[in-house]
Amino acid sequence: MDKCCSRCWHTPEYPCKHYIRCRTEGPLCHDSPECRAKRERRINEIKYGRYGLKIKVPIASCTLAAGAKEVYNAVVKEVNSSGLNIDVGITGCIGLCHIDPWLEISGKDLPSVIYANVKPEEVPKIIKEYLSKDLSRAFAIRSRGSTPPSKVPLLEELPSWSNQVRFVSRNCGVVNPESIEEYVAFGGFKGLEKALNTTPKAVIETVKRSGLRGRGGAGFPTWIKWDIAQSQVSDVKYFIVNADEGDPGAFMNRLLAEADPYRVVEGMIIGAYAIGASKGYIFVRAEKPLMAERLSKAVEEARKYGLLGRNILGSGFNFDIEVILSAGAFVCGEETALIAAIEGRTRPRQRPPYPATKGLWGKPTVINNVETVAHVATIFQVSVDEFVRYGTEKSKGTKMFCVTGSVRRTGAYEVPIGITLKKLVYDLAGGPPEGRNVKAVQVGGPSGGCVPSDMLDTPVDYETLQSAGAIMGSGGVVVIDDKSCMVDVAKFFTSFTLAESCGKCFPCRIGMKILYDILNNITEGRGSEEDLEVLTELSDAIVGSSLCALGGTAPNPVKSTLRYFRDEYIAHIRDKRCPAGVCARLVEYWIDPTKCVGCGLCARVCPANAISGERGKPYAIDRSRCIKCSQCFITCPQGAVTKR
Amino acid sequence: MSVVSDVDTVISNILNRYNSRQYLMRILQEVQSVYGYLPREALEKLSSIMKIPLSDIINVATFYHQYKLEPPGHYVFLVCMGTACHLKGNQDNYNVLRDALGIKEGTTTSPDGLVSVEKARCFGCCSLAPVIMVVSRDGSERYLHGYVNIQEARKLAFKYRGLASSKKKSGG
Amino acid sequence: MSLSIQSKVDRVFGHLEVQVDLRDKDVKTKFVVMDDLRFFEHVVIGRKFTEVPYIVSRICGACSIAHFLASVNAVEDALKVEVSEDVMMLKEVMNKIQIAQNTVVHLYFLAILDYLNSRNLNELALSKPELVKSAIILNSLCLQATKLLAGRIVNPNTYVVGGFTKNLTKEVLEKTVKTLDKAEKVARELIKPIIDLDLPRLEDPEPHYVVLDPPTGYLSMSDYIVGSDGVRFRKSEYLNYISEGVSEYSTSKYCLYNGKTFFVGPRARLLAFSERLSGVSDIVGHVREELKNPFANLKAKAVELLYCIANSKEVLSSLKGRDLNIRTDVKVRAGEGVGVIEAPRGLLIHHYRLNDQGIITYANVITPTVMFSKHVEVATKSLSKKLLEEGVSLTEVEAKVGALVRAYDPCLVCAVHLEVRR
Amino acid sequence: MVKVFVNGKEIDVDVESTLLNAIVKAGYEVPTLCYLKGIFNEATCRVCIVEISSGRLVPACAYPVSEGLKVFTDSERVLKYRRAIIELILASHKIKCQSCSMKGGYCQLLKLSKDYGVEGIPVCSECKLYGSECLLARGIPCLGPITIAGCNAVCTNEYSQCIGCRGPVSRYDVLKEGVELYVKYGIDVNEVLRLAELFWSSLPIIDTLRGLLRESKSGGKA
């Protein structure tokens, strides 16, 4: 973000109050057309590239896994070789994971077009065709004011997009996550400037008006946390952002932090200003290197431009951020455990005292999750009214949901709170694949619950989900189809929390183990009707008496499945049968003669000599002798052994 | 390389950068990035220098999933055990990998010490479920494989074992 | 000078006071048991025959096996159960091992202190550590052997009416033999100090005794009882010869054999069958002439200690070769039965009557201590007389009297459980 | 000073103090295991949970008092969950624990387990540990199913019936199961009762057992 001319006197040491606005709305301290022109040119360059042509390839964990790196290299190679005047930039994940890897070509006077599932080899063709205005391969066009009508659908008209409200994720897949300049060009840090020009109280007041609730899970009103922390008298306070996303099936925080890290930083600074914190920590999984990398880079950049450090933007407010690599433990989602981790210890502690009064090193501490602070930043950038337009009476605004599992269009979608699950699963995510039916929707990860398919009309907000036996959690929505066994699902989640239980308090440590053992027995056909009663009672006991939120919510999957899918449990127990054919001990294995090549591996590994046949001809399993160890299933190189 | 010989230098290098209880997690991460795991000697060294009881260090080292106390293989399969991956059958993949690499019950590394297979937490790539990530011991290489089925899992197992053995020959 | 001794005798099983009254010329002595009554004979009435052994074995922690076996014998007698030869032998072995263990406790932890002038075991342990140590070792070895055969060191649980429940395999027996082998080595050394003891001289005023009379062997089971006067009678007739009485000053009863006071126990057994003691005859030679002396009970015990261990070792080694027939099935029927056994302290009699459901309707138990209680009085009397004539101090007399009583090794808790029938 | 209500009893306590202090001051009792005054109040054992106004269950040893807080030390929920917790803690112990004589037999946990009637591990479980065959199957009346474990099944391992010398289990459901077992194996319940009276005739629980056995008898007939 270079200076327009020598008259710009901003330095991190002596910052200019209007530094940010100055970048977008031309120089403010002095009036000079050439400076203004210079600024506008720069912004246009950022938006449409230096030559009015720009190709953006998303670089994020998910797209990389889908091969975006190769695509990127291919694009660069093509541009260099063909000597075309095109800017090649990177961007973040747009949230439509089913089109990964994608790329977007946009021009000042050409439509900006998205190509889906791009293979490196077809990159040259794509570029050629685009330049020759042939959009046959295109996936969608971003409408920009007046777009010439064509048979390629508008992105905004796709069901997976039209039902979204891109509020906090507005920049995802748009800006270059590594350049602070682009972020500013797209309206970044405006919110910070606004906030710094008011009092902390006013900031909290604004957040209160927005009615923003924690997006981390419990949905605790953010402003209350801030208010308590703000009212504490202490020499030093801390502001922590929890980017340690351990919740299986939810990745919106990773997505946000990778695609728009500066928004997180901005939100943090605002929050810190509100509570008067002088030090901030971003706690991010070491297992998610890219996320950590982007966040650290964002912090460095911000520091370089005086947005972090002493006397930020001349407001006299000092704040700095440190990125901490978490070694990974699900329990760190629990505030006190996270604090313990930062202090280099382990395990949560009893609350109260709450972190807002006695947190990191006994000082007042606010812990928010990535999406929450991003929301804060956006609220201040745009406006409270825009935010409160969406959502329900109790919970305002939008929320990102990661819809995964058995759906056509997995992805992270930002929708207004209060939208029904049906809309989320069918309209946005496109429902289950051909021939499958939704059996249940698991909301809220390991501490959430399963909502049966006939209750998909429940609106997604904190209260109703709770009454339905699930929780919003961080917003992971896993669609379970009829090919999955609910008992197995419950067992899976129990095993997860069992493994993640910190082992500090008895109910969680031993209770979960016993829960798991019982479930395991049931899935192996050794269950009894009484077990169901034990499950219920034990779950209640664990919920009622555990030390931290992990134990307090861990039995939810069991409880909800018991509540809605008791019949499946009964099937496992009474007639020793797994309706979905998942539980290894309760299914029948058989060899598909069409697939079997008669290699005889299965017969060799079978410990019960239940498999017979002669080389070259299809083998067969003798049911009476099969002990269901699933060895053959694992061994068969052809996948001819199938469960039934 | 012999662990004991240069453990002092390694530790002192790390401690020059951060030397306080609050950075214990980071310090351990650094140690692990050097050795690929946390050698006992290193931990003892740490505790004596930083004046932290060894038990505390072990506590942290065993509490968080990232830390390993045994040397892993040259390549480590991280089999995602997230919900989506589980539902799409990563458990089977996990079994296949172990089976193909002949990993014994209760251990995570193949007998030849080339490759290890571990369950991992969600990578946040649920869209590609089931996902298997492969990282080299020093963490320099990371490969992410999506939409894995048991046949592919088998192939992957052999592929990376081959790579690992070639690495080993070249004294990696 | 004070004219009476009221000596609380310590180092015995229970609470005993011996009163020696010297007011007029002839000395009166009283054997006063002060434990409370324990109506065991009432407790068992109405119980099933299978449970009686469990109950009565809890009469005494020291000799529970003796009581157990006696009652088992009684019940088997009542039900006309013919247990096999093996079982008989194993029972005898159990009994012998228990006698050995009791003897160790009595000799080395209680009685011997009187002669090595130490007031309690700690002092002895300081003066003669190796003695105490090996005594403890021997004790524990015997207990191990007991545990192997009887299942527990007290209140055996491997035997029910009709035979053993535990499958006494070759391994078990071999183990036991090994243990006993160790024990024998220790015992041989250990009994020397007892044998060489220089006991106070005392002529037994009433040298009558009653012992079990096995056709062969020593300490074996038998249906016949014999007295020192040569009268031999079936156990079932014991009431015709042995009469029970109650003294107003004591909570225990006393017994008379044909109206004479008598004694039972090791000394009696040795007097009767010393020639049957195979293997230890050399030692017997030492003690035989002394046996007239009530104090010599100690030496008799010492002899038995060694014999029991050695003998049971032999028996077991002879048994361990073949496969044992250890169960006889039991048919419930009405009947009456008497079980007699040579317990550590002497003759022990259990007597039950069963109805056709196998419920106990009558029970009578006579323990050794009861039998020799009068004899203790007589002996102490003559002892104190003798001592007074020699003109020793009262404290001395008291000490000697105590030693004498201890030589009998009375078990008062056994003695008082008896219900008083007038 | 703040005002708190312990089971409705009003009491003033220091601001810094915990619920436990308040409860003790009010003259009530709450069992504690892991709490060690001034040294350890991490609230890990959860035995000291009490119910507060909001209906939440909180550990008394670590929860700070606040003005007007209402505490219930033995509401139905509290007792139920406390019992469950004690069961859980015992579940993680060896069966031996039931006969443990550490701390001179003054084991807080065992005392609690007695008070809250969770002494539920019968000798049977030990038989299973030793893999000795079940005497009931032989038709021998054995008190194993309803006798407290901890004796290493010394009798049953020698194939002689358990005569319950360690006393009966205090848990109703376990007793019930035991009786069902007898019925299943066709053991004469009179025999069992007779055997039980051998050692337990003075214990109140014998009446419960009598009732159960009588039921089973009538049920057996029907």
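Per-chain residue numbering starts at 1, and chain names A, B, C and D are given in the order in which the chains are listed.
As a working rule, a contact is a pair of C-beta atoms (placed from the backbone, for glycine too) under 8 Å apart; a residue touches a chain by one contact, two chains touch by 3 or more.
Fair warning: this is a prediction, and the values are worked out from it, not measured in the lab.
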When I count C-beta pairs in contact, which pair ends up with more: A-D or A-B?
A-B
So what's the Cα centroid distance for chain B and chain C, whole Å?
72
Whole-Å separation of chain centres (CA-atom averages), chain C against chain D:
44
List the centre-to-centre spacing of chain A and chain B in whole Å, with centres computed as mean CA coordinates.
24
Considering only which chains touch which, label the overall pattern as line, ring, star, complete or other.
line
All pairs of touching chains, each written as two labels joined by a dash
A-B, A-D, C-D
Residues of chain A defined as touching chain D within the complex
349-350, 352-353, 504-507, 509-511, 514, 537-538, 540-541, 544-547
Touching residues on chain D, where the partner in the complex is chain C
154-155, 158-161, 163, 194-195, 198
In the complex of these two chains, what residues of chain D are touching chain A?
42-46, 49, 57, 59, 62-64, 77, 80-81, 84-85, 88-89, 91-92
Considering the complex alone, what residue numbers of chain C touch chain D?
47-48, 51, 54-55, 151-152, 157-160, 165-167
Taking the complex as given, what residues does chain B use to touch chain A?
21-26, 28-29, 56, 59-60, 63-67, 78, 81-88, 92, 95-96, 99, 120-129, 131, 142, 144-146, 149-151, 154
